[in-house]
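The same subunit A turns up in both complexes below, where it pairs with subunit B and then with subunit C.
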Partner chain A sequence: MKSKLFDYIDRDNFVYNLSGLTKLLAFVCFTFSVMFSYDIRYILFVLVLSFCFFRISEISFRQIRTMLIYVAVFLLLNFCLTYLFSPQYGTEIYGTTHELFRFNGRYTVTLEQILYQVTKILKYASGIPLGMIFLLTTNPSEFAASMNRIGVSYKAAYALALTLRYFPDMIRDYQDISLAQQSRGLDLSKKEKLGTRVKNIMNIFVPLIFTTLDRIELISNAMDLRGFGKHKKRTWYAGKPLGRNDYLVMLFAAAVLAGSICVSVFVNGSRFYNPFV
Partner chain B sequence: MEKKLFEFQTKTIVATGLGAALFIVLFMYVKIPTGIPETDIKTAYGVGAFFSALFGPIAGLLIGLIGHGLSDAIQYGSPWWSWVVASGLTCFITGLVYPKLKVEVGEFGGKDILRFNIYQIIANVISWVVVAPILDIVVYAEPVNLVFTQGIVAAICNAVSAGVIGTILLLLYSKTRSKKGSLTKE
Partner chain C sequence: MGINEKEKTPVIEFKDFGFQYFSQAEPTLHDINLTINKGEKVLLVGPSGSGKSTLGHCLNGLIPFSYKGEISGSLKIMGQETKEMDIFRLSKMVGTVLQDSDGQFIGLTVGEDVAFALENDCVGLEKMRETVQRVTDIVDMGQLLKSSPYELSGGQKQRVSFAGVMVDDVDILLFDEPLANLDPATGKTAIDLIDRVWRDQEKTVIIIEHRLEDVLYRDVDRVIVVSDGRITADMSPDDLMAADILPSLGIREPLYVTALKYAGIKVTPEMHAGRLDTLDLDRIREPLLLWNRSQVKKERPAERTAILSADHISFQYTKKRKILQDISFSIREGEMVSIVGTNGAGKSTLAKVICGFVKEDEGTLYYSGEDMSDWTIKERSVKIGYVMQNPNQMICKPMIYDEVALGLRIRGVPEEEIEPKVDKALKICGLSPFKKWPVSALSFGQKKRVTIASVLVMEPQILILDEPTAGQDYHHYTEIMEFLKSLNSQGVTIIMITHDMHLMLEYTPHAIVISGGKKIGDASAVDILTDEDIAERANLKVTSLYELAVKTGIDDPSAFVQNFIDYERGTRHNEVEAV
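And then the complex of A and B:
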């Protein structure tokens, strides 16, 4: 059921054929450029770009539905919390007040606040398509190979590969243990008191963790026996050589990042775009 | 065998990989509600602290970074970087206790429990009350009072998770290991 969140299905199109490294760099460049800039125009530009890439990648809506629900709930909550805690933060940032309507002194709705909060939502939303592209169109083994190629130590990259490899197994183990314990009468639902529920969760926890510890022993012995970690470098079976398209996309992503910084430095003079002055 | 603070053996790598996978599974599915809305006690941090104490700060750092980063990416499409960094830092600081513990030879007494908990509380306070909110403000320009409130709640929840679950797991684990010098010649 839930492990379907992370399924990689091989396809043959422009985005799938890019190397994992390219997609990672593009993802990082795009997210950093929207993280840095608070200019709604530039963020919209990046958002449109990301959606174009998303169309090209041919990811089906079914694959990302669960994720979208989580995202929507998260954004809504953040939106409400921000307003609840700092209803005048926009005014503080932009330095002006354009009142729309007022309930009481503190919770007056201002244009500045709306701009600030909408910008924030768009900022977050524009990172998502590329994140999904990266997760769903990259072969996990190739991902680790790409990490190694941009200078991450191969041991850390290998840890990442192991994570991706064992994550589905772990979910299966968790479900098996959980069902086994429930069939023995362990109640995890809301009917049980909180204290008992915590105890019951521990009863699933302990076997899961001890299985994992056994497995760690097994895998590390197997790797040691095959001489893992003896040399400073290693080669990757799944590593792909970079093609022309890879370089083009990387250049483009770097340009987007540079553009974001340029807009902030030369056009706006700060990270914020201020239409009110 | 002497334990070095920053050693990185094959076992550390494997523990990191599997620990992070476990972290993701727990982070996404196993939360204990506290009754206050949207503040769950995340069991993942208990396991994070357990693995950090068992395999050292480097493993802890990577478990926090990979685990939180990937689970954010899977659930929300894009990691919330400031909190990912804070997660890594929590596990890293907790991991500093690693050379002082001898859990793998079956020793985990009252003093060790205290020591582990002092480390994890310091780690949680530094990461969630100081580092995460400051990064939130610098990187995302979030409102100041919101992020500090969130930070304090997170610090308490995570410290409870690490304190209760981490301690129980370490105790149980130490019981399964045979003590050094437990064999006697007849």
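And then the complex of A and C:
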């Protein structure tokens, strides 16, 4: 079912049992290290790591299929556009030109350009699984607790967690409303022209917005009545105390980040790895 | 009652209290003078719009914290003026269990939700776990701390919200319509639980509810009747039953009391009619038996041809759990049928299968003998209209006219043909004066009628309504149901999904009972609601009329219930004609 998209499902494994704070920090460290470095060897290393974590977390493919499709489309688009707008950027960075073949002067395909673009794709590809792991294996309330612990205001953190928590409810509402409107003759299938379909979808969104507003009023009353926002701080029932594994993972994440910086500074002398000189 | 004999310490004192919302031209509450003592259990009743919810909001601080307005007079809680307190301090004295236990479920698990108030008080994790465990044990939810709200039944969710306010160790518990979303049997358990906590924990309990009979099933010290923003009555249940003020206010009195009145019995405080258990049977037996004998059996109308029938329908979302199993039934043209059962029994799924939103795995549906298997949602919608429970989930146009016309416009009906059809639908639904109005100007009940009009405009032969009277007081309930009845008499077959027993009993001669995905009953509503076995399996409650009949030794209790219904239909019919 669609509504499973952002549903948090509780499992018992290494990744799930880590504290949300650890996962958030690890995610930031790993992402930063691949964003900083343009060394394809190091990026491949992180990519392998992130796939390993993905396996350990036991996330099922079904859960992320829709997301993966969007990501793939985005990456492909990004790849094409980069080539379209700056086909010689690789040459510029690496300072050499190894021509493969040429159509015209501007769109000559060079090894440098290919290396540059492949590196860039891999950067995204290694960061995204980590993001998914973080989103799907962290209990939204625990996530809020982690955000709060690294300094985000608890009200903002809670608002975010509630959004995540009510997302499945909203999808359910959407499905119900959509069915009722279809029974009034609204056609949402591909048979209808795109313009009409967009208009028809609007007819679902209006009631959806009103139902959601009702929901918000109710929940905010319920929260007020139970003292939300009374103090500057609050404690978290879902917060996990940090364990040995948490410290190990954080240490490891920090090492990966440090490694990325070290490779750039000491090995390559710049953020780029240049095999062409 | 032990509580009354104790010395009286006032915990809530209204003195010449009044309130006016800034958004409204008139005050909602006037001259409220009311004292509630420590340890009392008080029921607050009143029709919708009477101000009873506003009174509740004043007690828990939502007024003036969330709903702004002008307060006059004084309201003291535990001796302190509420105007000088904030909602947080008030919430330590008055714990509120809101009506919709689904929407107020804040946490992701039971434990977390119960802990919410503690978290906001910066209680440490250890202490928090301990308190949560203790409080959830009181409401029998201690084993389910890790469950998510989706795994809980309506009754369980309510227990969780109950525990959520009890963690604060409040002295006053306020229940805002605790029965609104519960099936009858679960409602009974909820009232039992409230009663238990009231006795064991020595709390002051205030219940706002319009389902009077269900609350009075357990002891209540006083009933306070609110109407038009004023307190009209403040007396014991026994006195209230004798006072004869409820019907004129549009509040339904317990059915057994109505039965006594039909039998010409003058109810007096000495009869202790506040609860069926305490009712003095000796005084009423003779006249009741006499009345019962004098009732003439009505002729049942001849049966017509089947318009919708199901032949061994089964449906499942996943392999593991069958939602519907082998369901067969036959609904005749012009019938009014209720489909009843617990939450999650499969009754909504059955409606979805009929409308074609989901496809049955096995079995066949027939419309007037024609196999519907190949019919799309759109094709079915020509014959079968579906009205959702919450009108806000259906209305998508700002203007009433456009909303009702939507279905026809989508079908490409020319505009000049649309107008007469819309006019007709609006007229049937009593909305003609509002033709050019925006939807936002309507009340909830009127919006419901707009959604019915927007389905009726397509002239379906069958109308399926999901909980048509949910959240309505007796007055609006009667209004909606009489309207559906009149539609029905114009030939539309009406199927209602409900767990309202009054509705079933009074309006639908035919009831289909679903439990655990199977059909466990298919008979007249009277037969179902006097069958203790079916009632128990479907989480229904045997009607108090039946119990009254059994207690007074009437030979055929079912026939007595039928007599009551026939008599009531007769009187109501006369009333309507007189108007």
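Just so we're on the same page, the second predicted complex is superposed on the first by the 263 of 277 C-alpha atoms of A that agree within 3 Å, B and C clash if a C-alpha of one lies under 4 Å from a C-alpha of the other, contacts with A are read in each partner's own complex, and residues count from 1 in each chain.
Definition applied: a contact is a pair of C-beta atoms (placed from the backbone, for glycine too) under 8 Å apart; a residue touches a chain by one contact, two chains touch by 3 or more.
For clarity, every value in this text was computed on a predicted model and none was experimentally measured.
Greater residue coverage of subunit A by touch, when subunit B is weighed against subunit C, goes to B. In the superposition on chain A, contact is made by A:224 with both subunit B and subunit C. By the document's definition of touching, neither partner reaches A:49: not subunit B, not subunit C. Once the two complexes are overlaid on the shared chain, A:176 sits against subunit C while remaining clear of subunit B.
Of the two partner chains placed by superposition, subunit B and subunit C are both touched by A:215.
Once the two complexes are laid over each other on the shared chain, residue contacts for A:85 go to subunit B alone; subunit C is not touched. In the superposition on chain A, A:121 makes contact with neither subunit B nor subunit C. Applying the stated contact rule after C-alpha superposition, one finds that A:239 touches subunit C and leaves subunit B untouched.
Contact with subunit C, but none with subunit B, is seen for A:140 once the two complexes are overlaid on the shared chain.
When both complexes are overlaid on chain A, the residue A:261 reaches neither subunit B nor subunit C. Touching of subunit A by both subunit B and subunit C, each in its own complex, is seen for residues 162, 165, 202, 204, 206, 210, 215, 219-220, 223-224, 228-229.
Those residues of subunit A lying in contact with subunit B across their complex are 2, 5-6, 31, 35, 38, 64, 67, 70-71, 74, 77, 81-82, 85-86, 89, 93, 120, 123-124, 127-132, 134-135, 155-156, 158-167, 169-171, 174, 194, 197-198, 201-202, 204-206, 208-210, 212-213, 215-217, 219-220, 223-224, 228-229, 271. Across the interface of their complex, subunit A is touched by residues 8-11, 13-22, 24-25, 28-30, 32-33, 35, 38, 43, 47, 50, 62, 66-67, 70, 73-79, 81, 139-146, 149, 165, 168-169, 172-173, 176 of subunit B.
Subunit A meets subunit C in the complex at residues 1, 8, 10, 139-141, 162, 165, 173, 176-177, 179-187, 200, 202-204, 206-207, 210-211, 214-215, 218-231, 233-239, 241.
Those residues of subunit C that touch subunit A in the complex are listed here as 60-62, 65-66, 87-88, 91-92, 96, 98, 100, 103-104, 106-109, 111-112, 115-125, 128-129, 132, 146, 164-165, 168, 317, 352, 355-357, 377-378, 380-381, 384-386, 388, 390, 392-397, 406-407, 410-411, 454-455, 458.
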